[in-house]
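Letters are used for the chains, namely A, B, C, D, E and F, taken in the order the chains are written, and counting of residues starts over at 1 for each.
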């Protein structure tokens, strides 16, 4: 892997707005996040709208014969990817609480989420 | 083409709920409808939700370099496919009127659309 | 016992449609129903690619369909028009699938007691 | 003049994403901007299939990308992981595209002044 | 008629449109991301509970479990596995997918 | 930031979610099926007109014309072609796609 990016450090935000398993977007987004760890950038993840479902505890995918990738979010910490933001309004509209998530997250409101988006150099959405 | 289906005549309903061009579903649905003409079945088309956009007049697709398939709906009559239903509530929520459509349609309300769906033998949605 | 037709409109891995269709079809067979045909349309044609190579720890959607079809003599039909514009041809078609016209879908609707659609 | 990176997440014909990305990229080149890379991810990898054969009266999305890249020396990169699980390999890869790792996408984000995403 | 819905009600309009088109005797089966429509305490719960007064609503338990939603299902929604899905498809006179 | 939306507001929640996340100085560009959000007299018109009071909203005219919507665009929404799309992507400090 070529990891030399000329010493630049940019703020990367990965936006997750889709539920897991119904489509592959959540998984393939996570695959990019993992790769980005090798580039020493300033990485954040945002979970809003149905994206908050990606990190809910208690996923058991054996009955649909698909790999459960939710534990991988826990591994992000080991790659120094620790800035995970969940939008409060999205979480509440789905009856979820902070303790329902598989990883520590920072819950922020819509205004702060908008602020976070605005402050980024590179935004990836899948 | 094998058109012998053992003499059975079934009621086929093609349900169109998606806008044209953003995705290929409207076009590929129309391709099935055209083929079904060869089978002497009792064919109806339903346009509801964003599907009503498929048959709006005045489509000019040259600027996006995609083929304009809306005139094909006019050709359906030549194949004895004449039962085209548009849902009134869907049409009105999009600011459309019966005269905005490229083909003659029957405008029916949600209750009648539900009735139409219920009375079919085979329903295809794309 | 009924005759079921299956329509799959999305490609493997990207959408769950093909997974659900497979598990439904398998359950239907085990219950003694007959599968008249599985028809692959729209992006569903990608389910027939012989070149598909998922990660080792993932299910192999293409080969799974192939095996089910072989074990139970199921007709797996890929729409020729949808396949051509998506780069699926005899050249990369998995054994056990066949390419044919859309008429086969209409015929499936006519001949089956139920047509069950899986898509996006 | 700016350096632009393009990300395409959907396959040809099925979604308009690749069409829009192409017309955007062409306009950007004509305006004198530089395209750092076009990266094909998710179903976007299907844009690189050499076997694609649209109807005669339709645009040829794959060959159009190929020509644009050739005329303007654009790097067209297909993600290897996304491609393998979708049956895109050297065997059916159109000339002018290359298969590489996801790191190339991150690098595109780092090196480009703007990353513009087209998807579903 | 058995109506299948595979889209999340907080992302798309499929479930809402489906529920508006139910006739007496029809049932709904929530599958794939559609199972998010089966949950308590969400923005779509009330709409689903209203429909549940008149129509049987089922949800595919493998999809519920995959998404970690097993403890959140609205009371009265019946869980079925793939065998149950087949039985429903056979029991009702037709299957309509709300794609 | 330039926010692009390519989904119909009557099918999905992308436009609504986007409009909630606009910061001062941000603009919206409607493309592909997103251009249905640019229309007068629809269920989403009011929401878009509200946002238009604060933020510039653009729509991609090739997509408007493809869909036959050229006579229905809300006053104040500016039409751009692919060149204009490029100019907007360059003018704003970043582009965020609401997929």
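Odds and ends about this structure:
One rule holds in what follows: contacts are C-beta pairs under 8 Å (C-beta built on N, C-alpha and C of every residue); 3 or more make two chains touch, one makes a residue touch a chain.
It should be emphasised that the depicted structure is a prediction, and the values quoted were computed from it without experimental measurement.
Taking the definition of touch as given, a chain qualifies here only if it contacts chain D and chain F alike; those chains are A, B.
Judged by contacting C-beta pairs, the busier of the interfaces C-E and A-F is C-E. The chain with its Cα centroid farthest from the Cα centroid of chain A is B. Separation between the centroids of chain A and chain E, computed from CA atoms only, is 28 Å.
Here the CA centre of chain B is 26 Å from the CA centre of chain E. Multi-chain contact residues of chain F (touching two or more other chains) are listed as 6, 10-11, 13, 32-33, 62-63, 81, 94-95, 97, 99. Along chain B, residues 21-25, 49, 64, 66, 121-123, 125-126 each make contact with two or more other chains.
Among all residues of chain C, those that touch two or more other chains are 9, 13-14, 16, 20, 23, 42, 58, 81, 115, 117, 119-120. The set of touching chain pairs reads A-C, A-D, A-E, A-F, B-C, B-D, B-E, B-F, C-D, C-E, D-F, E-F, using the touch definition from the header. On the side of chain C, the complex with chain A involves touching residues 13-16, 19-20, 23, 57-59, 120.
On chain B, the positions that touch chain C within their shared complex are 1-3, 5-6, 8, 10, 12, 24-25, 28, 31-32, 35-36, 38-39, 41, 121-126.
Against chain E, in their complex, chain B makes its touches with residues 15, 17, 25, 48-49, 110, 113-115, 117-118, 120-123, 125-126.
Touching chain B in their complex are the following residues of chain F: 6-8, 10-11, 32-33, 36, 39-43, 45, 61-63, 65-72, 81. Interface of chain E with chain F (complex): residues 10-13.
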